[in-house]
Structure formats: structure tokens, C-alpha cells
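Per-chain numbering from 1; labels A, B, C and D assigned in written order.
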Amino acid sequence: MMEPGLYQILFISAALFFTGVYGFLTRRNLITMLMSVELILNSVNLNFIAFNKYLWPQKMDGLFFTLFVIAIAAAEAAVAIAIIINLYRSHNSIDVENAEDLKY
Amino acid sequence: MNLLYLIGLPVLTAAALLLARSKEQVRWISFAGSVAQLALALALYFAFRQERAAGNTAAMLFDQTWPLFKSLHINFHVGVDGISVAMILLTSFVVVSGVLVSLNIEKMTKEFYFLLILLSLGAYGFFISLDLFVLFFFLEIAVIPKYLLIGIWGSGKKEYSANKLALMLMGGSALVLVGLLGLYYASHGGTFDLMELSHLGIPADTQRILFPLLFVGFGVFTALFPLHTWVPDGHSSAPTAGSMFLAGISMKLGGYGCLRVAVFLLPVGAKEYANIIIVLSSIAILYGAFATMMQKDLKYINAYSSVSHVGFSLLGIGMLTHTALTGAVLQMVSHGLMTALFFAVIGMVYDRTHTRMVNDLGGLMKMMPFIGTIFFIVGLCSLGLPGLSGFVAEMTVFMGSWENADLFHRIATITACMSIVVTAVYILRAVGKVMMGPVTNPVYLTLKDANWNEKLAAVILLAGILAIGLAPFWLNDLVRPATETIAHQILQVTK
Amino acid sequence: MNDLWIIMKNELVVTTIIFLLLFIKIGKGLKNETLLPLIQFLLLANLLQGFFFNKEGLLFEGIFYSNTLIIVQKNILSLGVYLISLVCSDWLKKSPQLPEFFILMLSALLGMFFMISSGNLLMFYLSLELATIPVAAMANFDLHKKVSSEAAMKMILSSAFSSGILLFGISLLYGATGTLQFAEMSALLDGSPLQMLAFIFLFTAFAFKLSVVPFHLWTADVYEGSPVAVTAFLSVISKGAVAFILLTVLHKVFLPMMGIWYNLLMILSVITMITGNIFALRQQNIKRFLAFSSIAQVGFILVGMTNEGQLGISSVVYFILVYIFSNLAAFGVASAISSQTGKENIDDYKGMYRTNPFLSWILALALFSLAGIPPTAGFFGKLFLLTAGGAKGSFWYIGIAALNMIISLYYYLRVIRSVFMDKNDAPIEKISVGRSATLGLLLCGAGILAAGLFSWIFEYIRGILN
Amino acid sequence: MPSIATIALIPLLPFAGFVLLGIFGRTALKKPAGYLGTALMLASCILALYTAYGYFFDFGKIHGAYQKLVPFQMTWLEFSKDVSINIGFILDPLSAMMLVVVTFISLMVHIYSLSYMKGEERFGTYYAFLGLFTFSMLGLVLSSNIFQIYIFWELVGVSSFLLIGFYYDKPSAVAACKKAFIVTRFADLGFLIGILVLSYYGGTLDFGTLIARLTDPSSTQMQAAVNASFLGASALTWGAVLVFIGGAGKSAMFPLHIWLPDAMEGPTPVSALIHAATMVVAGVYLVARLFPVFAISVPGALHVVAYIGVVSAMIAAVIACTQTDIKRVLAYSTMSQIGFMMFALGVSGYGGEAGLGYSASLFHLFTHAMFKALLFLGAGSVIHFVHSNEMKDMGGLRKLMPVTHITFLIACLAIAGVPPFAGFFSKEEILLAASRGNTGIYYMALITSGLTAFYMFRLYFRIFWNKEAGHDAHHGKEGGFALLFPLVLLALCAAGAGFIPFGEYVSSDGTPLHSEFDPVFSIAPVALGVAGILLASWFYLRANDRADRVAASLKGLYTAAYNKFYIDELYLFITKKVLFNLVGRPAAWIDRNIVDGAVNLVGNETVAFSKLIKKLQSGKVQQYAIVFLGGVLVLAVLFIYIWH
């Protein structure tokens, strides 16, 4: 079995990225949308790892970046979910389409 | 003489106004301030004459410079020549009388006078500044007070008019701004200084781009056809003093700018676009006059006639001969005094009869001989009767225009001349209907003539009109050398 | 070693304040009446310390660096925060969790400080998130209001989305250049398609934060939904911070790609100005109105940015200073009114001059400054931006910008008109503005006038560049 | 030679009167206004006589020719190095003569008005206006600079406006004064452009230089002026004709005469002063002033003058026969007489014998001033007496007002050209000049003079004879000394002025012109005159219906003439229908709807657009994200593919 090259990994990460974007754009449930964002971030992580391993192995920049991204993602999720909960309190729903009072 | 006084005085007056406690104090402070302005302007005039008599032939006198934004080569550079002095005199006359006629304002008195003084500040600053950046600064300072004056103290569809005026004037100044930046970069290394710019020859094709921007931009201020439409609405909605300032001062900012910035700095452009200017202004002159014939509201009458009269000064600028340019300046001064007085009188009539409709009025001469006489005199001035300022200015423009021998200029001049007949028609129509004839409304029989402040205001302006009309040489001698430098710039091009 | 204490002084001070507030919170807690003045004092101290004992230098191999310009930028931001704490004090007094609010706000500020000083993409990303996430939480601060939570939701989601894009861009950039250091990166940029793509991804994140069209859509909703203080913070402080860092990124890091970003900025600025103005024309809610007006203002900022020279930088920094004064004055009036009467519509302001002359004049001053009318500082700010933008001698560009000034004047005058001219038999009742709010408004007013007329302020900013 | 002050005082005294009475006439000086004005006028008149006497008999004549003297001149408004408006005085036979006429008639009118206008509410103002007019008229005749003439030209125009509209609460008066001003203003437009042309080619505005340059064929200016041609005529011709148009307007020459009859709305003494003796002859004065240019350089223009003159004379005479308002009759007769003066100039040549017409014209101007003023003042006292202008209210007044009757008769004889009265001599010379110059004009003039006699005596008989006297007999007396003294004085002049050897003093080139009296020639005109008188007496001496029958018999002509040949209606049509409806109204409409509309459209469209695109801000966070992504992609495509 051959070891996957940079391009395969990039392909996967791109696919992941667009899946995330697609999910973000189409899902109505806020939690799901948040998860889609996570997908995007993970595709980014894949990128970093891959670039680090295949193109710039001498320094560990990519790796570190990945760690930080994961951390930040967690923080973001925390705040986001807090907000969503609050939204649920006021709207009794976590469907994005029920929160469209602000427009025009 | 230190020109900063001209800026300091209004600032001080405004500050004093802010501290004023009662309406009476406000009135007296602003009256005193405006009188001081008048005195200052006269002092400036005599100081200027003295300097010239002493043989100081510098283009700009009393000039002073303070660095403002060094890194951008923007300096606070002031100085005056004959044109500026004439304009400053005009401004001070109008300011005093404007303050006088509105002594009876009760609504938000303090704010009213504050804005008036602010406007005068803008005008003085504009006329003395020799740095285009500063010039532009003062030009725009003068816009918003007009907007508020009309919008708050005006009558009729005031909000609409105020909006229109502010937006059109700002549009004009936007064009000016682009033009100025163009000049700034055209003078690589960048300077906004009028005199320096006038020396370094700006390449012809740049001038071709910049001249229309600047001229049209300033033209909006001075009701360049077809961008004059703010004039009728603005004037008719404004309070009396507002109309006086508008027509007497702020329209002159535009004319001065066209002359001092556009033509003086961009002679090539001026020569190339001169014919367009001439066509537009001749149209404005005649068309404005004919449009006036049809108006029913006194203020509209005067507003449209202003369009027509200002056309003369633009025509003079377009003709580009020394005499014509002189005429243009004379016309600015004369029209400023005349139209301010006209609006003052209209205001007096309106305050008493509460209508401005020509057809509702009649036979007022009987009850108010003073107002009637002034109305009549100013009418005569506007139709160019000798002995009053209008004649001098118009004749100078005509003589200057006629110096261009070709048929095109001839026809333009004759077109302009024709307007003196039409003017006579609408002026006599107004005078005949409003002042003469039988009294249309018994209520009028009880009306009183002007009271002291109105009389004083009228007399001040009338003094100016007569001073120019009976002895034009003093003003002519003041302006001619200044216009000569501009004419010289243009001659340079032809050579 | 003690370099660190001096170079990172601002950040450390902010952190200290945050900790102080935490302790206060954990402890039995103080009444707002006593707490708010204390906080205001701390912020003032924070502002003042910014003027002393500053030192240029790099830390951690240039991940963090500081120089005079950056110090000035940080001071401007601290000033903004201080002013917010003053002008919005009427609203803040009422808020139940005052300390949290400031903790969040200050952490955002801290993030911005780091962001401005960051010399490394990782650092930049972290600080960016630090500057964003707390604000999303702040947006939700009117816990009982539906719109508030909606606004927060919209903000957190869309910013998460945009940071996803940003990260993708960063990763590509990393792949293309192999470094995250700004200093090393610019040498490695050759404008290859990949780099361009990366740059555009990166740029959109800035555009999102600055709410440049077409990445602006969240702005209006979030501004309208969140409490006035938060809106003020969003519209002034975070915009300012992002503008500062964008300046460095464009003018330092991506200088080799100038050919691209010059056109990019030109196009986007034009679109942004026009869209912002057009949308602002018919807004009723004052916050939404100011949101769109701020979008238009950003368009002007971009105009200034197109100039890669010193004039570009100085004009933008100066404009942001002016913008802080003007916008905060406007928001201050808005918050004073909404916190007492709950009215946020422009029509409610009709005839307001009769009852509240002071607020009316401040509002007028602010709006004129935003519209760029002398003698307010806004006039100078706009003029310098245009001067910077016109350096390439493209008249049509300046022309469009100037024409946009007219459109904007139209809607600013709409407010002026309803405040000063329109008749209204039941205008807003007399509003008692608190002492500190009054002080804040006066400071803003003074700033609006002084920043322009005292030319040395601009000259100073300009001076530190060379 | 009198000091400058002396000459300056002649116009300045009336001006002082104007200023004083204008300011205080309504209040402090209301009572003594009349006496003050009259006193000033008297002084000015004496000075004028003194100056004129000095000029003619003392210093004016230098080796055999009267010189043009310019004792005083100052630059008033400088246009360029050598073109400038100078205010100055010129003394030559023409101006000296005019000085006398103006001041004398004005004095008479001042005195007459003392009683005629007594009790008027605006008595003081009236005298102020008289002062203003006299000042302007004197300034006009003393002008040394063509632009100075224009200045005072306008001033007399406005003072005439003021005096016609003196009863400003009478709509007809208001209409009349507006009409007068606007029509003359229209003519002045021609004058102004004429000045522009002449000054441009002459390179100066000063009369002396201008005439010198434009009459010397070798001068460069002359060359340029003749060579530059427009529509087939040389620039100089255009200039001259345009200037003449100005003159024609003031002098009520056909077709610009329509304002004169209406001008009779003013107080009668005013008509006597302005619309008979002085202002209306300003046109004649103007042509005479520029006469060398006309006569030497542009004979074509001079023909225009001649034909316009004679046609006006004829038409006016015909119309005068049909009018029933006595002042209107006099107005038309004035127009007719001025026509005589005009064509006299028109047929004249320059210098020596050829210049006969010139002297004759000015001689007639002189005499006409006397007897026409007398006629008007007489008519005035009649109107004062019967309180009406209409002939039908009069008749048989000769017993009731003997003095008026006699003086009026003298005036009529004078104007009818019956020897030895003044009119006879002047008209004689004119006809002589005409017969020498242009026979066609001569015959028309002859007929006209016959008509003159007829309509004047029609007037005379209708007033003083016709139906017998005393219908309501006790009108009281015919007025006091102030009213009668001017009549008598003027009557003496009208009777005696003819014997002045006018040509000796006033001639085209300043050299005395000895005109010998030729009895043979004068048979025809005198005979015609007498015939006219007899015819008039046959019609009107007694009340009868002969006149009506004749009128009925040539109906068309009569009604046409009665309606002044419908010229007024024509003007009305042009102004009201054409100018107002076809030019003014559209202009106003276009301005409001198109020009202004365009401006408003821009604003409204912008607002409408912003309403249109509000949907973009949909409130759906996911759509925001789509737009966001779209933006990214568009930019990417734009910059990665298109820009490269």
C-alpha cells in the first residue's frame, strides 16, 4: 500500500472545507451550522499538517498553528453555544430561520 | 493692517453671542459686531489705498503666512488685492444691513445671529485666503449656516429648498475639491498656494481637465445656468436676512472663485472653454429675464432676476478681456448691494402685508412712501439706470465684451444687451403693481412705514449703490489693477 | 528581560485591570454607582500611561513588536474605550453585570493591542479571535431582548465563518511561503496565483471585520440588535484596530503585491461607499443608520489606504482618531436617548432641539463631522484621505468619492432636519444627562473641533512616520 | 468766458432742488416747495441766458466761426487707456441754444405749476421731479461725451416716467408711464449698441475726437469702420442708424411714437415741458450733435432720418385731425412737428448753404418749443377751467377766458405758419431746404403743413367758438397771475421769435449762414395754411354736422386714423401674445419642470433605488454567508484570471 502524497491530502482537506461551507449554508439548525464551521477549521488543520510535513518539515509552525486552531475552535464553540442557548430561551427554537427580525 | 482681524472679529462676536444672556444683549452684540466689521472693512480699504498710493505694486498686499500642515505644504496664507477688498466691503455692507433688518427676529434669536456671523466669517476668510486649502475650508464653512437659516427660520417649503441648496452647493464644492486636488498634484511636490500655482505653468491638458471642474464647481455657487435651480427656491424660502446673505454674499463666493481660482490659475482652460461660458451666461441672462417676467412672487422675481444679473458677471468672465473682467467684478459688487437691498425691501413689505404675491398687492406707495421709494430706486438700479451701481457694472461688461470683434462675441453681447429691455418690463410690472395703482386691500391703509432699523439698513445699502453709481471711479481704480493681473495671465497664453 | 515589561506595557496594564475587575466580581461586588467611576478612572489611567515610558522593540523573534506608530494607535484605541465608558455611562449604570461587560470589553481591547503589535500570522490569528469572541458575547448583553441574542448569534456565526476562510487563506499562505513571520514573508511573495488566492482569502477576513461591501451584511443587523455601548465599540474600536493592522499588512507585508491590492481597494472602496450611502438613505433606526454610515466611512478609509506612502498611513490613522470622536458623540447622544426613553427612531428625534439643545448641538456637530463639513475635524480627515487617494492622479476615483460625500450629506441632513426643523407637538422630553456622560460628550465635541483646527495633531501623527 | 462754476450751476441748481425737495418735500418743505423750485429755476435760467449771450456775442466766435468749447471735463469711468466715460460740458451754438430753451420753458412751467398744481397732495414731490428732469435735460444738452448723453438720456427717461405716472393711483397713468419707459427703453437698446459700435471703431467716446476721426476719410478708424460691413451695410452706417433709433424713440418718431399720446396722462404742465418742448426733441438734438458723421460719412443713414421724419409728420398730422381729446391732438401735432425737424436734418448737407436744413431744423425746434409749450399751457388752463380733456365739453370759451383765447390763437397762427409769427419763418426754411434737397419729401411736407393748419384750427374753433358759450356759465375766473403770466410771455416769444436771424448763430459748421427770405417760394405754403384754416372754420366755426358727414363719407380712412392706424394694437399683440406667451411662459415652465425637474429627478431616483435594493439585506445569516463566499470567488476570479 502506497503512502498518500500531498495532493491527496490537499484534495481531502478541500473536500472537507467545501462540505463545511455547504453545511453552513444549507443547515437550518444552529448547532449543525456550528459543526460545519468546525469542519472548515479541521480542513484548515489538515492543510497545515500536510504543508508542514511535506513542504516545510524543518520548522514546526504548521503543527503549532493546528494546536492553537483547535483551542480557539473550542473557545468559539463555547461562546457560540452559550449564545445559542440564550437564543433558545428567547425564541424557543434553535432554528436559524426563526431569528430573522433584524433585516433591511 | 493685519488681515487676521477680519477673521478674529466675527469669531469674537460669535463667542460673545454664546455668552449672551438675553435677546436684547444678543441683538446689540451682533449689531455692534457687524458695525465693527463695516468699520474694519472701510479701514482696510483706506489702508489698501494708502499702500498703493505709496507705490506698493505687489499683487497681494498685507500678505502673511503661517504654516498649517507643513507636511502637505498647506499654509494659512492671506493677502488681498483690489478684488478682495471690493468683496470684503460688499460683505460688510450686507452684513450690517442684514443684522439690522432682522432685529425683530424672536424665534431662537441667539442661534440666528450666531449663524449669520458664522456666514460672514466664512465670507471674509474666503476672500482673504490665498491658499486653496484654506479657501476651500472657508467656502464650505459658509454652506451649512445657509441650510440652517433657511430650514429653521424660512417660510414656504423651506426644508425642500434648504436641502436642495445644501446639496447643490456641496455638489459644487465637491467638484471644486477634485479640481483643487488636481491642482495640488499638477504642481508636483504639491502646493495649494495660489500665487505659487499661478507662476508654475500647469500643462495644458491638465488644465483642460481641471478648468471645467473648478469653474462649474464655483459656478454652482453663483447660479451658473443650468445649475441655478437652487436659487429661486432657496431665496424665496429663506428669511429676509438669509436671502440677503445668500444673494449678496454667498453667490459672490462663486463668482470670485471662478475668477480667482479657475480663470487666474488655468488661463489655457479658460480660453478653451470661454465660448461655452459665454453661451451659458448669455442664455442665463435672457432666459432668466424672461422667466422673471412670469413670476408672481416678489422673491421669485428677484431670485430669477439675480440669475439674469449674475449672468452678466459670468459673461464678463467669459469674455476674458481686461475691461470685461473688471465689469464682472463691478457687477458682483453692484448686484450684491442691489439684490440685498431688494430682498430687504421685499421683507419689509412681507412683514407688513404678509403676502409676496404681486397680484395681491397694490398702491403701497401711499401708506409707506419710504419703502416705496427704496423699492422703486432698487428697481431702477436693477434695470441699469445711470447714477446707480447697476448701470456702471453692466456698461463696463458691455464695453469689455464688445472689445472681442468676432461675430460670435458680438451676438452674445447684443443678446445680453437685450435683457435691459426685458428687465425694464418686469421691474416696472412689479413696481407698478405693488407700489402704484389703487390700493387693493383696505387692510393696507393702516400699515406703517419702515421703522428706524429698517430705514438705517436700507440707507446703508443705498449709500453703497449710490457711491458706485455716482462716482464709479474709486471702485474702478480699485479693481482694474487686480483684474489686470488676471488678464495678463490670459495674454500670456495667447503669446 | 525588563524590556518585556516596557514593550508590552499597554497589554500588561490592560490585563491588570481585567484581573482587578475579576477580583471585584469575585469579591462581594460593588454597586454600579461606585463601580462605574472606578472603572472610568482605571480606563483613564490606562489611557494616560500610554503616553509615557514607551519603548520600541521586538519580542519573541518578532512575533510581538512595538513602535511609536503602534503606541499611538493603541492610545487612540484606549481613548476610544475611555470615551465609551463615559458617553454610555447612563446605559452602563443600569446594566446588572457591569464588571463582566468591562472584562469582556477589555479582553477585546487586549486582543486588539496584540493584533496591532503582532508580527506573525499565528499571533495575528489568536489576537483577532480574542478581539472578536468577547464582542459577540457583549452583543448579547441585553439578555432579555430577542434582537440582542439574534444579533449575537449572527455575529458569532458569521465571524466564525469568516475566520474559517481566513484560516484557509493563512494555511495556503503558509504552504506557499513556508513562514508565518511577516518580516520574512514579504520577501517570499512573488504574486503567484496561489499566493493571490491566499491573499484574497486573508483580505476577506479584514474586509469582514471592517464591514467592507460585500462582506458587510452582518453589520447592520448586529449594530441594531446589540446594546448601544456595544455598537459603539464595534463601530469605532474594532474597526479602528482592524484598519490599523490592515495598514501594516498591506503596506509592509504585501507591499510586493501592491499592484493587486491597489486595484482591489479601489474597487471595493467605491462599492462600499456607494452601497453604504444608498442603504443609509432610508434607515429609520438610528443605530442601523449609523451602521450604514459607518460602512460608507470605511469606504473612505480604504481610499486613504490605496496610498502606500506615509501620507496614506498618517491620513488613515488621523481619520480614525477623528472618527472615534465623531461617531462616539453620535452614539453617546443615541444611547442617552435610548437608555432613558427607549426611542431609537430618527422620527422620534423630531423637534428635539426645543427640549434638548445640548444633545442636539452635539449630535449636529457629530453628524457634520461625519459628513466632512468644516470647521469640524471630519472635514480635514476626509480631505486628507482624498488627498492620499488622489496621489495617483486618478480624478474619476476622487470624483466618485466626492460625489459620495454629497449623498452622505443628504441623509445626515435628514437627521439634522428632524432635530432642528420638523414640527412635533410631542418631542422627546427633557433628558437628564449624567455628569460623566456630559463630560464624555463634551470631550467628543471638543475633540471634533480641536482635532481639525489644531493642525499639530495631524502633523504629530505624520511626524512619527519619519 | 464764464467760470466753470457758472456753467456747472446751470444743471446743478435744479438738481439741488431735486435733492432738497426729494428728501424734505413731503414734510418740512411742503409749503414753500413751489417757490423754492421756481427760485432755483429762475437762477439757473438767468445763468443760462448769461452763458448763451456770452457765447454768441462774446467769446464763442473765433475768427468768424463758432467753436466747440469744452471748458470742463473729468474722467468718470475708465474702460481702457483712451476709452472712458468723461463727464464734461460742451459749449457750441447747439448746446447754448438748447440751454436757453430748456431753462426758459422749464421756468415757465415752474411758474405755471405754482397755481396749476396748487393743493396737490404731493406738491413738493412734483417740484422735485421737475428739478430732476430739468437737471437731466441740461446735463444731456451739455454732454461732451456720447456715453454722457446716454446717461442723461436714461435720466430724462426716468424723470418723464415719474412725471407721467405722477397720479400713480390712476391705473391709466401707471399704464402710460410704463409704456413710455419701456418703448423708449427699447429704442435706447439701439442707441446703446450704436454707441458700442461707434466707440469701438472711433476708439473713443469723446464727441470732439469721435467726430473728428469718423469724418476724416484718411483716419485709420474711419477706414476700419467703413470696411467692416455687416449685412451689406458698413459698420459706421449701422452705428449711425442704431443711434438714430435711440433718437427716434425719444422723439416719438414712427413707429416708436405710440407712447407719446398716452404720456398725456401726466399733469398738463409736464406735457408742456417734457412732451412738447424739451425731452421729445432730444432725438433731434442727438442727430444734430452727430450731424457731421451723418452728413459726411453716412448719407445713407441720413436718408433714413429724412424719410422716417416726413412719414411721421404726415401720419401724425392725419391722426391729429380725428382726435377729440385736445391734449392728444397736441401730442400728435408735436410728433408731426418733430417729424419736420427730423427730415429737415435729413435733407440737409454739411457746411455753408447746404447746411440750411440743419439751421432750419434747429430754428423750428426753437420756435416750436415756444408755441407748443404755449399751446399746452393754454390747453392746461382750459382743462383747469372745464375739468375735461374732451372737445365736446368745450366751446365758446373765448369770452370766459380772454387771455387764454388770445394767446392760444397766436400759438395756432404760429404753428399754422402764418406770417409773421415764429412758426412761419422756421417752417419756411425747412420747406426751402426740403425743396432743395428732395422734392418728394418737399411735397409731402407741404401737404402736411396744410393739414397742420387745419387740425390746429379745428382745435381752436372747437374750444373757443363752435357751440355758443356759457352752457354752465359760472366756472369762476380763468386763473390767476401765475397761470396767465407764462402764457403771455410765451405768446410774445411765439409772435416775435421768428425775427431772430437764427442761421447767423446756429449752423452746421459754425460759420454764420445768411438765409434770405424768398416771398415767391412762401406763397404755396401760406396759401395752403390759409386754406386749411378756412376749411376748419367752415367745419367748426359754428356747430354743424358737416364734419360728421365728411367723416362718414370717407369712413375707412377716418376710423383708421381715429384708431391711430391700429399701431398700438399691433404692439400689444407682439408683446402680450408673442413675448409673454411664446417666450416668457415657456421659459418659466422649462425652468420649473425641465431644468429643476432634472435636479429633483436625480435625488428621487437615488432614494427610489435604495428602496429597490433593500431586499439584499435579507436578515438571513446564511444568505450573508453566500454573498460573502460569492464576493471571495468573484474577487479571486477577477484578480487571478482576468487581471493576468
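Just so it is clear, a contact is a pair of C-beta atoms (placed from the backbone, for glycine too) under 8 Å apart; a residue touches a chain by one contact, two chains touch by 3 or more.
Given the structure is predicted, the values throughout are model-derived calculations rather than measurements.
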| item | value |
| --- | --- |
| Between C-D and B-D, the pair joined by more C-beta contacts | B-D |
| Chain nearest the global centroid, as defined over all protein CA atoms shown | B |
| CA centroid of subunit B to CA centroid of subunit D, Å | 36 |
| Chain centre separation in whole Å, for subunit D relative to subunit C (CA means) | 78 |
| Length of the line joining the C-alpha centres of subunit A and subunit B, rounded to whole Å | 66 |
| Distance between the centres, which are taken as Cα means, of subunit C and subunit B, whole angstrom | 42 |
| Set of subunit B residues in contact with two or more other chains | 167 |
| For subunit C, residues that touch 2 or more chains besides their own | 153-154, 157, 161, 165, 220-221, 410 |
| Shared interface positions of subunit A, touching two or more other chains | 24, 33, 96, 100-103 |
| Pairs of chains in contact (touch as defined earlier), listed by label | A-C, A-D, B-C, B-D, C-D |
| Parts of subunit C lying in touch with subunit D, wherever the complex brings them together | 153-154, 157-158, 161-162, 165, 193, 196-197, 200-201, 203-204, 207-208, 214-215, 217-218, 220-221, 260, 263-264, 278-279, 281-282, 407, 410 |
| Footprint of subunit B on subunit C - complex, ascending | 311, 314, 368, 373-375, 379, 383-384, 386-387, 390-391, 393, 395, 398-399, 402-403, 405-406, 409-410, 413, 416-417, 420-422, 455, 458-459, 462-463 |
| Parts of subunit B lying in touch with subunit D, wherever the complex brings them together | 164, 167-168, 226, 228-229, 232, 287, 290-291, 293-295, 304, 322-323, 363, 365-366, 369, 380, 383, 385-387, 391-392, 395-396, 398-400, 402-403, 405, 413-414, 417-418, 420-421, 424-425, 428-429, 432, 435-439, 471-473, 476-477, 480 |
| Contact set on subunit D toward subunit C in their complex | 603, 606-607, 609-611, 613-614, 616-617, 619, 621, 623-625, 627-628, 630-632, 635-636, 639-640, 643-644 |
| For the subunit D and subunit A complex, residues of the former touching the latter | 614-615, 617-622, 625-626, 629 |
